[in-house]
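Got some structures for you, see below.
Here come two complexes built around subunit A, the first alongside subunit B, the second alongside subunit C.
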Partner chain A sequence: MKKILDNPSVALGLVIVVIMAVPALFAPLVSSIDPTAMAPMERIKPPSASHWFGTDLFGRDVYSRVVHGGRTSLLVGLTVAAISIVIGMVIGAASGYIRVIDAVVMRIMDGLMAIPSLLLAIAMVSVGGASLTSVVVAITLPEIPRVVRLVRGIVLTIREEAYVEAAVTAGTSTVAILWRHILPNTIAALIVLASYIGASAVLTEASLGFLGAGISPEIPSWGNIIAEARVSFQIAPWILFFPSACLVLIVLGVNVLGDGLRDTLDPRLAKKM
Partner chain B sequence: MNLSEKTRPASGAPVLDIRNLTVRLPKGADREHAVEGVSLSIAAREILCLVGESGSGKSITSFAVMGLLSKELVPVGGEILFQREDLLRASPERLRQLRGSRMSMIFQEPMTALNPVMTAGRQIEEVLTTHTDMSRDQRTRRVLEVIRAVSLPDPELIRRLYPHQLSGGQRQRVMIAAALALEPKLLIADEPTTALDVTTQAQILRILKEIQGSHDTAILFITHDIGVVAEIADRVVVMQSGRVVEQGDAGRVLDAPEHPYTKMLISSVPSLTPGTRAEAPVKPVALSVEGLSKIYRGTSFFGSKREVRAIDDVGFTVRGGRVLGVVGESGSGKTSVARCVMRLIDCDGGRIRLDGVDLAAASKRRLHDARKDVQMVFQDPYRSLNPRRTVGQSIIEGPMNFGVPKREAWERARRLMTLVSLDPDALSRYPHQFSGGQRQRICIARALAMEPRLLVADEIVSALDVTVQAQVLELLNGIREKFDLAILFITHDLRVAAKVCDEVAVMHRGRIVEMGSTSEIFASPKHEYTRSLLAAVPGRTWSAEAGLGAGGA
Partner chain C sequence: MLNFTIRRLLGAVPVLGFIALFVFALLHLAPGDPAGIIAGEEASPEDIARIYEALNLDRPLPEQFGLWLWGLVNGDFGVSIYTSLPVLELVRQRLEPTISLAITTIIFSVVVAIPLGAYAAWRAGSLGDRAVMIFSVLGFSVPTFVLGYLLIYFFAGRGTPFPVQGFVSIREGLAPFLRHIALPTFMLGTSYMVLIMRITRASVLEILNEDYIRTARAKGVPERKILTRHALRNAAVPIVTVVSLGFAFLVSGVVITESVFNIPGLGRLTVEAISKRDYPVIQGLILLVSATYVLINTATDITYAFFDPRIRY
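Entry: the complex of A and B
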């Protein structure tokens, strides 16, 4: 663990992510103002001591909105990464180890990969309505094939190892072989991939919010804050600046972290991505 | 003794003179220096064999000569004089000029040493394009000349083939041809025959001897195989842990070794004469295989079907307490036989009977129960233990699959560790903390933990150094006696087979061409192929026992 932290990218990325994540996690504690409370008298105020990031067109506190919006963004990033990794790992392991289903599964994955996540999300939201669930599902679905391919590739090489054959001859069941002998080899690569998926999910969610196809506007998210701020950009640039800066920082932080982890945990991947 | 017949090397200034070479290892390695105070010299027309086990520093010495040491390895002392020029102080440009033109190297693995997307001819020509300004026609002529010099048939054709279209031996000859293209003064051969079959190895060794006779080249030949040394060396340098422990004329070192390490190295070499074994009472048959066949089917790029008969109507029996050796060259199907018996692959016909159960046709359930009775030890000790699990976990996995309580399985693992001469407390350690030989012992313990009736040993000593090899074979012999175990012993090395097997089956192209008791087959082989295999064993005219006998006198 100490060795991993010695990598400058890991350390820098981790610092950025923690700085961004802590306020979002403790949003109610760090901002006492209700992010949805409107105050017509306080409209379009530049940053000040009482409103650190200023106020927006409805007089809502931008700092509070950004902090609460961060919760949404990070929640989406984390859930998308977690769900796609878990599902992808199961499908990938099955596909790599059980040769019969491999061809079929991989063709389905090829099909999924052809769907752009943004379009799928817009379609799902227009059919089923905007909710956190539909957004998460829409972003997760096209990410799964990436995980499946990675896991399957590793499983295909590891299953040829003599120690796996030794386990077969020792009468170990298929599930136990996958769990004990094969899947531990995928962990390092999956941690790295999870960071990339998380970062891109945060971005996709923001894009959806910006396009008005994301989570409903009552819940602040960086995407819909930026979308609303767009119209008043010239008179109140701070409304646009702060959520955008946060978005850039968190994605940068996660990506730097991911790069560092990739270099320390899984040198094999360094050239592929 | 064929050593005395060898042409005496021409005297004169040595081509290569290494004096007191010391190369430092990076911090945290098991010793401070990779090689320390190594001095040796080679004259023109001389073959010097550099012998030692893995980690002895023999390859590092040769890499230092070629200027190919990796960055962490720093030569900190001594000099390497190549035709009186100190290579350690030469500029990188100068070294590049020398490499390929005046000194060249051939490697162990001919498949990876050749570029797969260049034809054999182009690879040889590359040396000429880099170092000379020959015209295209001259280059082509020279390429054909050197291809002919390494006894490859049809040079015009070989020149246009890609590496994957050549066999291992042919590829190694192309490597030699490329190395010889500019008539280098020094040729370094780093285990050039280790990855090859015995018959191919014999051809390559013959070619190297011919080169020595027809060119003025000095050859530094690195090997771990004393048999190969006996076959081609003029002089021998023995290395251990980075130091030269003994050097001298090949005949003297082999027949009258002075240093205890050399003596041990030579006495570990199994001889081709089968050991005599007391006639044991005939035990019941443990494994009987009848009409076994396996066909690999592949579809080629244009859709035509390809069929390879890996095993063709193979049958044999192994009795309890006996060892049946299956010998053959690569591609003979011997490993496929082992894998079929283990049901790691399904066979396409035949019966594999173990205790009345036909493994070939057993249902999943029956197979699961039968797995207990047949266990395997694999070739590569570095890959056959899960690096993320302690050796204890690896050993108890099998018994626990069959319902042995954890405490009991652990007790059994401790007993087995003692049996294979390892510390029982080492069970909680991870595989990387053990050497290759120790890992192979652990694998044997893992197999025995299942209390099997049949042990399949697939090339279990071929990745090990010769002294370790001897110990593992010794252990296997003890186990066979103690547990009345039937052993199916797969090997390519006839010397190893002679040492451990009661009976031998010789496989060639998927068929058993000859089978019988070890002493019979080695004394009077009937099949043509068996004879050629035996004739190809390196150093067959020299035997370790005779050598040591003379040394002890």
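Entry: the complex of A and C
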């Protein structure tokens, strides 16, 4: 653990992520202003002492919206990373270890990977509606093949190891072999991949919002704050600037953290991801 | 070689089949009646009946899929519900801006990324390498639309030669074409460039540690020649792979770039189709784009085998 934290990228990434995540986590404490409260007299005010990030077209406090929106965006990033890693790990392990299903599963994964992720996500949101759940599902689905391919690749090499053969000979069940002998070997790679997936999920959520196919505006998220800010960009650039800057910082932090983890945990991963 | 080519082409068929099935299922997975979803809340019974007729919705599902697939094979991608134009015709009208943007972006990214990536690998650990790596992390983290708005902010209405709106065909002259496409290309190219740069650096770095590079240095081959002749040439396979795999990445970026710079291409068509729930157009676009991607990848694989006889998998 000490060794991991000694890596400058890990330390820098972690610092950025914590600085960005803490206000979002404690949003109601950090900002006393209701992010949805409209104040017609206070419309389109540039940043000031009472409104740190200014106000938007409806007079809502942009700082408060950004902080609350951060909760939604980070929630999307974490959920997408967790779900896609778990599902991808199960499918990848099964596909790599059980020969019969491998061909079929991999063709399906090839098919999923061939559909550009943003197109797939907007199409799914347009069908499933603008809820948080459908946005999470729409972002998760295109990420799964990446996990499957990585896990399958590792499983394919590990299954040839002598200790796996020994376990097979000893009559250990397939599930036990996968769980006890094979999957632990994928953890380092999966931690790194999870950080990349989380970062890209936050970006995709924002891109979906930007295109008007994201979470509906009652729940602030960086995506839909940015989407609304587009209209008034020329007269009120700050509404777009602050959520964008937060987005860039958190994604940068997670990516730097991911690179650092990759270099300390397993430098050979650089070519696989 | 012929055998391999045929095998690879046949291998693409199930993938394309799965994509078709998925795109077909998309509409039917949605809660509620597909015709109702398409027609919207204020549709009259006649509208619904018309959509039923157009999409064969009154038939059993497998038959619907069969009919739809048969249509696709015969080049019939259906008819747009809003404009009543065939989907393929709509795509044809919007193709030029998107293709132009894709080509300028690929040229721009490759021309900048490969020399920078190779340089960073050659001088690994140096200040220049650090700068390239920092730039690559930044390029990865700044969303394309943020970069686009920054460009608009700095270029709009300041009398610069680069307009922040619209598209001019190359047939109307090279100079106006380039002026209009410069900023969108820069916006879209940055993230693509970073992708290529990272792979170039990683691959060249690995090859520079090979024995034959040491041999070449020992016999006095100039560094520049080692880099271009020996290292870059052998690093070509992963670089070409990422350029061709990056196509999917490019498509997502095109949708956003066209939306930021108001370019009337396929990306804008997609966003319009989605906001109007014009499902035949959405389905047609996803199918065409994904099929192109599969074909590009298959072609890349076959090209490798052509240039490198060891590759036969």
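The criterion applied here is as follows: the second predicted complex is superposed on the first by the 271 of 273 C-alpha atoms of A that agree within 3 Å, B and C clash if a C-alpha of one lies under 4 Å from a C-alpha of the other, contacts with A are read in each partner's own complex, and residues count from 1 in each chain.
As a convention for this text, contacts are C-beta pairs under 8 Å (C-beta built on N, C-alpha and C of every residue); 3 or more make two chains touch, one makes a residue touch a chain.
Treat the numbers as computed from the prediction; the structure is a model and nothing was measured.
Colleague: Quick check on the superposition: with subunit A as the shared anchor, is it clash or fit for subunit B versus subunit C?
Modeller: Overlaying the two complexes on subunit A (C-alpha atoms) leaves subunit C and subunit B fitting together cleanly.
Colleague: Contact-wise, after the overlay, does A:Leu252 reach subunit B, subunit C, both or neither (first, second, both, neither)?
Modeller: second
Colleague: Per the contact definition in the header, classify A:Ala11: touching subunit B only (first), subunit C only (second), both, or neither.
Modeller: A:Ala11: touches no partner chain.
Colleague: Looking at A:Met113, would you say it contacts subunit B, subunit C, both, or neither? Reply first, second, both or neither.
Modeller: A:Met113 contacts subunit C only, not subunit B.
Colleague: Per the contact definition in the header, classify A:Ile226: touching subunit B only (first), subunit C only (second), both, or neither.
Modeller: Only subunit C; A:Ile226 stays clear of subunit B.
Colleague: State whether A:His181 touches subunit B only (first), subunit C only (second), both chains, or neither.
Modeller: first
Colleague: I want to verify the contact counts: of subunit B and subunit C, which reaches more residues of subunit A?
Modeller: C
Colleague: So in the superposed three-chain picture, is A:Ala170 touching just subunit B, just subunit C, both, or none of them (first/second/both/neither)?
Modeller: First partner only, subunit B.
Colleague: A:Gln234 contacts which: subunit B (first), subunit C (second), both, neither?
Modeller: In the superposition, A:Gln234 touches subunit C alone.
Colleague: After overlaying the two complexes, what is the shortest C-alpha distance between subunit B and subunit C, in Å?
Modeller: After superposing on chain A, subunit B and subunit C come no closer than 5 Å at C-alpha.
Colleague: Going by the contact definition given at the top, which residues of subunit A touch subunit B in one complex and subunit C in the other?
Modeller: On subunit A, the subunit B and subunit C contacts do not overlap at all.
Colleague: Hey, which residues of subunit A end up touching subunit B in the complex?
Modeller: Where subunit A meets subunit B, its residues are 161-163, 165-173, 180-181, 184-185.
Colleague: Using the touch definition from the top, list the residues of subunit B that touch subunit A in their complex.
Modeller: That would be residues 342, 344, 368, 371-372, 374-376, 378-380, 383-386, 388-389, 394, 397-398, 401-402, 443, 446, 450 of subunit B.
Colleague: Flag every residue of subunit C that touches subunit A in the complex, lowest number first.
Modeller: 14-16, 18-19, 22, 26-27, 29-30, 37, 137-138, 140-146, 149, 152-153, 156, 202-203, 206, 238, 248-249, 251-252, 255-256, 259, 270-271, 274-275, 277, 282, 285-286, 289-291, 293-294, 297
Colleague: Touching subunit C in the complex: which residues of subunit A?
Modeller: These residues of subunit A touch subunit C: 107-108, 110-120, 122-124, 126-128, 199, 203, 206-207, 210-213, 226, 233-234, 237, 240, 244, 247-248, 251-252, 255-256, 259, 270-271.
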